[in-house]
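One structure is given here, and the rest of the page talks about it.
For reference, chains read A, B, C and D in written order, and residue numbers begin at 1 within each chain.
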C-alpha cells in the first residue's frame, strides 16, 4: 500500500485555512458570501487536517519535515507525531462541528457585524492552532502560540463596542503575553543547552542540563503553559474572556485553545525536558487539584451560563493536570506502565473535555442566539421550544459531570485508577496525597453534577422566567447538526472507549517508550481495565446495555399501569394559592445557596436586602436583593498587584516633570558617578 | 455468558424482593423502638403495588425529563445492585463496573431525580434538588476515602475482588483502618439514604424534607418506580457496607449449601445493620441543614484517618 | 643657530595659564551679572587661545596657530560680542538667584576640581617621562574640571543665556584637552568643530530670542509645560 | 563615487527646494531625491557585499557593511517619511495648522513647507555623512549637524511648547555631544602613542580599527564612558533620554519619525564604532557591563511611563527609549548573537517605527489632539485602515510574534543566556511583557470601542499607501528577510564583533 501523503494533506489544509482567511477578509462587503467562505473553508481545511492526522497516526512513524524559511536564523520545521497529531485530531473534530454550527450561527451577523473580519480571525486561529500542535521548533512554536493568542484576542474582543468584551480581551492578551514571556525564557534555557531551537535536539541536550537549570526551565514552562491552560491562580482571564466571545469561538477557546497549555506540558515535560525534577509531578498534581476544586466551586456561584461553563473549563483542566502530574510522578519513580495509564487518562480527558465543553458552549450559544441573554435567571422552560438543543446540552451535562456511561466518566475513571495506583508505588509522604486527591476528585465530580443540575434545570426546565425565554425558538438546522456531531461523539467515545483507546499506543510509545493500551483492554475487548492485574475494571458498553435492558421491565410496569389507570395532566401543587407562576420558581442563586453557605469561608458572600414599605412593614412594596461573592484571587492577588504597579508608575512620573535643570542634573550625576567608579584606579 | 445471565437474573430477583422488605423492617423496627405498632414488615410491598395500580397526574409544566427520571433512578439502582456481591463473592456484573461505576451510576440516578424535581417548577422540587445535590456532593469525598481504604488493601476497585480478598482475611475488620473506614461509610450511608439525622424520610414538612421534596409531584407508577429504586439503592449501599467490611459467609462457589448459608448470613447481617440504622435514627434528632456538612466532615476526617492508619499499622 | 624653545619653560607657562583658566571658570560660577559672565568667558577664551599659541610655539606645531587664532577671534571676540548684543536686545542684565546658592556652588565647583584631578591621576604613567605626558597630566585635570564646572553651571543657572554660556565654557574645557593632550586634532576636524560651535551658538541664540518673545522671560525653569 | 552621490543628492535637494515656489515642485523634488537616495544606497550595499569596504578621497569617506546597512535604513526611512510628508502637510495646510504656524496671517503656508522641505534633506545629508565619514571627528561634526537641523524641525510649529521642546533638545543634545567630543579627543589621545602620526588619518576609523589593541587603556576607558554618555544622549538612553518625549511630540510627524529612526541609528552607529575600538582595546567586558546597565535602565525607565501615559505621541517616544535600550542591551550582551540581534533590531525598528508614527499622525490629524482622554475610542469605525494598522504596528513594536521584532528580541535573549546573564534576561523579559501590556491597553482603547460618530474621511493616497506598504513590509519581514539584506546584517555583525 502506498503511503498516504500526510505532509501534502497537512499543507493543503493549512493552505485552505489561509485562503479562507484571505477570502473572508476580501469578501467583507458581501456578508452572505463571506459566511459561505468562512464555514466552507474551515470545514474543508479541518477535514484535510483530520485526514492527515489520522493517516499520520495510523502509519505509525512520525512525519517530519522542514520548510526553508526566509529567516536564516530559524527553521520552520514541522513534525506530525502522535502527541501533536492527537491534539490536531481533537482540533479537527471540533472545527468540523463548529464550522457547520457557524453556518447558521453567523447568519445573525449579516448586516450587523463584519463577517469578513470574523472569518479572517477565525481562520488565523485555526492555522495557528494547527501549527502550534505541529511545530517541531521552538521558534515556530512560539509564532503559532502567539498568533493563536492574538487571533483569540481579536475574537474575544469581537464585540468591542461593549466595554466588557474590550476589557476581557485585554486581560486575556496580557496574560497570554505574560505566558509567552515565560515560554520564551524557558525555551532560551533549553536552546542554551542544545544550541538549536529544534525540539528534537532538546531531548538529547536535556540530559546535560544542571538540575538548577532543569528546575528553572520546568517552573518557567509550568507558569507559561499553566497561564494558557487557565490553572488557578492564573485563571482570572478565563472566566472573563471565554463568555464574551461569540459562542462558536467560546466553544473553540474552551475546547481546544486552553488545551494548548496541556499539549505544551506534555510535550516539554515528557519529551523535551528529558526528566523533570522529582517534585515536579507533585506540584502539577496539587495545582491540578486546587484548580479542579476551586474551579467547580466558583462555577457553582455563577448564573451567567457561559461564565459557568468557563469555570468548568478550569475545573477540567485541573482534572487533566491531576492525570498529567501522576504520569510525571510515575515516570520519575520508574513505572512507565502506570505513567502510560495516567497519561492516557489525562489525554483522553483532554479530548473528552474538548468535545463536551465545545458541545455545551455551542448549546449555550444556541440559547443565547434564541433568547439574547446569558443570564440563567431569565431563562427557563427552553426544553419546549428548543428540544434538540436541550437534549444535546443534557448529554453534554451528563458527560461533563463524569456520569456513566458517557465519555467523561471513562476518563475520570482512568484518573481515579492512576491515583489509586500511585498509593502503591510512591514514597511515604506523597502516597497519602493520592487517595486524598481521589477524594477531592470525587468532590469535584459531585459538585460538577450539582452545578449542571442547576445549569440545565434552570435554563431548560420548568417555566420561562421572562419574556426573552418565552419567545425562544429552536436554532437553525445547521447549528443543530453541529451540536449533534459532538453529542454523537460524547456517546460514542463513552460507550466505545475500548475501540478508541489504541489511538494512544503511538503516543505512549513516543513519550514513554511503551505501548500500554493492550494492558487496558480485557474481557473480549469490551472491558476497560486499569492496567495492572486484578485492578479495577469497567465497561461502559455493558453499563449502557444493562441500563437499556433494565428499562424494559420498568417501562412495562409503568405502561401497564398507565394504560389501565390513566395518566392525567394537572397543575403543580401550589400550596393552595392560585396558580404557579415563574415567580415561585427556584432560581439559580437559590439553588446554590446551600453550597454558598457551606463554603462561605471561600466565597465570603455579601448580601444586601432593602425593603421599601408603603404603610406597614408587613406589606413591603419592593424588596431589593443583592448578593455577591468575593472574587478572592482578583481582589487579593491581582488588584493589589495592579495597584502597586500603577502607584509606582505614577510616582515615577515625577522624574519627568519638565525641569531642564533636573534633566541636566541626571546626566551630570551619572557622569560624576561614572567618573568616580569607572575611571578611578 | 449464560452463567452471568443466570447469576444476574437471580440477584435481580433478590434485589427487587429484598429491598422493600428491608425498608419495611427498618420502619417496623423503628416503630417498635418508639413503642408504636408500626405498619408491618410488608407495608413497602403493599405501597409499591398500590402505587402501580394508581392513575397518575403529571404536572402541566413538566417536560419529558420529569418522566425520564423515575426510569433512570430505578434502572441505575438495579444495575448497581448487580455489581455488588450480595450472597456470593461473585457479583454478576462485577467485571463490568467496580465501586467507581457504582458511585457513578448512583450519581446518575440522583442527577435525573434532581432534574425531575426542578422540572415541575414548584419551589419544593427546587429546594429538594438543591439540598440533595449539596449533601451528596459533600458526602462523596468521605465515601471515596472510606472505599479507597478498602480498595487499596485489595489493590482493586472491583467489588468482587475486594470481597474475595476480604474473605481470606476474616479478622481484618478489627484493624483500626477498617473500623474508621466503616464509621465513615456508615455516616455516608445515613446521608445517602436520607435518614435521620440528615433527612427525615417520614416528613413532608418543607423546612426539613430533602428527598421527599424532590418527589413531591410524582404519583402512581412513577412514584412506585422511584420508591422502589430508592429502597434498592438503600439495600445496595447497606450491602456494600456489610460485605466490604464483614465479608463473613459470602460463598465463593456455587454449591447449594454455601449459597444457602450465604443468603442466610447475608440477611442476618442486613437486619443487624438495619438495627444500627434504627438505633441511630431513634437516638438522634434531625440536624439543621447547615449542621449536616459538619457531620459529613467528621466522616471525611474518619476516612482520612482510616487511610493514614492503613499506612501506619 | 635657531632658537630652540625650552619645553620645560613652555610647560610652566601653560600650566600657569591653565590654572588661571580654571580660576576664571570658578569665578564664573559665582557671577551674578550676565555681562560679567560673558566677559569672563571672553577672557577665558583668550587665555585658551594663548595656551594654544604657546603650545604651538614650543612644539613647532604650526597648525595649532590656526586653532589659536580661531579661538581668539571667535570665542574671545565674535561670540561674546554677539551675546552681549543679545543681552542688550533682550534687556535682562542680572541673573536671578541660581538653584544652589553661591557659596555652596563654589564649594561644589571646588569638589568637581578635585574629581577632575582624581580622574586625571589615573592617566599618570610614572614610567613615561616625556614632556607631553607631564603636560597632559596637568592640563587634563584642568580640562576635566572645566568641563564638569561648565556642566554644573548649566544645571545650576536659570537663565537661558547663562546655560548657553555654561555650554560654551564646557566646550573650552574640551578645547584645552584637545590642544594640550594631542597638540590639536586634525585640522579638518578642528575646523568642523569650530563651525559647529558657531552654528550651535546661533541656533541657541535664535532659540533664546524666541523664548524671550514667547514667554516674556528667559527663565528656563519656567519651561515646564511638557511634562508627565 | 557612489559615496559622493549619496551625499550630494540630499545636500543639493535641500537648497533646491528652498528656491522653488510651488508646493508640488517641492514635494516632487523631495520624494524624487529620496527615491534616488534609496536606489544609491541599494547600489552601495550591493557593492559592499560584492567587493568589501568602499572608500573615496584618500579614505576620507569610507563604507563597510555596517555603514552600508545604516545608510540603507536611513535612506529607507527618509523615503517613507517623504512620501508620508506629502499627504501629511497637505492635510495640515487644509486644516490651517501650517498657516497658524507661519504667523503671517496669510492664506498660504509656503514658507513653512519650504522650511520643512529644505531642512529635511539637510538632516538626511548629515545622517548620511555620519555614516560615511571615515574620520571619527567628522562623524561627531555630522552628528552635531543632525542636532542642529532637527532643532528647527522640533520648533517647526512655533508653539510655546515647541520652543520649550527645542530648547531642551538643543541644550541636552549640546551637552551630550560635548561629552561625545571629549570622548573622541581622548580616543585620539589614547591612540596617539600607537600611531605617532599627526596626519589627517589619525582619527580615521580604517586606521584606528587595526591598531586599537595598542591604545592607552586608562584613557580609552574614560573615552568610552564619555562616548557612551554622549552618543547615548543622542540615542535617548536613560537617564539622558529626557528630551525625547518633548521633541518627539512637538516635531511634525515625518520629522519625528526621522528622529526616531534615522537619527537614532546614527547615534547608535557612532556608539558602535567606538564600542568596537573599546572592545579591541579593553576587551569586551568593560563596555559590556556599562552597556547592559544603561540598556536595562532605559527599558526599565520606559516601563512606568508607558503604563500611565496620557499622550500618544509621548508614548511613541518612550517606546523609542525602550528600543534604543534594547539595542544597547544587545550590544552589551555581546557575542555573535547579541550583535546580530542588535542589528536585526535596528533594521526592524527602522521599518516599523515610521508606521507607528504615521498611524499616530493620522489619528492626531483626525482628532486634533494627542491626549488619550480627549479621544473617545472607537477609531476603527471612522478610520478602519489606520485603526487596524495602529493595532497591528503596536503588536509589532512591542515584540509580539509573528512580527519581526520577535526574531531580534528572541536572538537578544539567547545572547543574554549565552553570556550567562540569566537574571537579567528574566528582568528584560518582564519589562517587555509589561511594556506590551501598557502599550496595547492604550492603543486598543483608542482604536476599539463604540462608534463615537465621527465622519468617515477619505485618506489621501500618499498617506494611505505609505501606511499600507509599510504594514505589508512588516508582516512579510516577520516570515521572510531578503537574503542579501540578511547577508548585509550578518557582515555588519561580524564587523561589530571586531572582524574586518
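Annotations
Note that in this section contacts are C-beta pairs under 8 Å (C-beta built on N, C-alpha and C of every residue); 3 or more make two chains touch, one makes a residue touch a chain.
As the structure is a computational prediction, the values presented were derived from the model and not from experiment.
Taking the mean of all protein C-alpha atoms as the reference point, the chain centroid lying nearest to it belongs to A. Annotation: 35 Å between the Cα-based centres of chain A and chain B.
The centroid of the Cα atoms in chain B and the matching centroid in chain C are 100 Å apart. Centre-to-centre separation of chain C and chain D, using mean CA positions: 31 Å. Averaged Cα coordinates give chain A a centre that lies 44 Å from the centre of chain D. Of all residues in chain A, those touching 2 or more other chains are 653, 656, 660, 664, 667, 671, 675, 679, 681, listed in ascending order. Chain contacts: chain C has residues 119, 122, 151, 154, 163, 220, 223-226, 228 touching two or more partner chains. Not a single residue position of chain B touches two or more of the other chains.
Inter-chain contacts occur between A-B, A-C, A-D, C-D.
Within the complex, the chain A residues that touch chain B are 381, 383-384, 394, 398, 401-404, 409, 413, 416-417, 420, 423-424, 428, 431-432, 435-436, 438-443, 445-447, 449-450, 452-454, 456-458, 460-463, 523, 526-527, 530, 532, 534-539, 542-543, 546-547, 550-551, 554-555, 557-558, 560-562, 564-574, 580, 582, 584-586, 590-595, 597-598.
Of all residues in chain D, only 135, 137-138, 140-141, 144-145, 147-148, 151-152, 155, 158, 160-161, 163-168, 170-171, 174-175, 178, 181-182, 185-186, 188-189, 192, 198-200, 202-203, 216, 218-219, 222, 245-246, 249-250, 305, 308-310, 314 touch chain C in the complex they form.
The touching residues of chain C, counted against chain D in their complex, run 61, 119, 122-123, 136, 147, 151, 154, 160, 163, 167, 170-171, 173-174, 177-178, 181-183, 185-189, 192-193, 195-196, 199-200, 203-204, 207, 210-211, 214-215, 220, 223-226, 228. Interface of chain D with chain A (complex): residues 167-168, 171-172, 175-176, 179, 218, 221-222, 225, 229, 233, 239-240, 242-243, 245, 290, 301, 303-305, 307-308, 340, 378, 380, 395, 400-402, 406-407, 410-411, 413-414, 416-418, 422, 425-426, 429-430, 432-434, 436-437, 440-441, 444-445, 448-451, 478-483, 486.
Interface of chain A with chain C (complex): residues 653-654, 656-661, 664-665, 667-668, 671-672, 675-676, 679-681.
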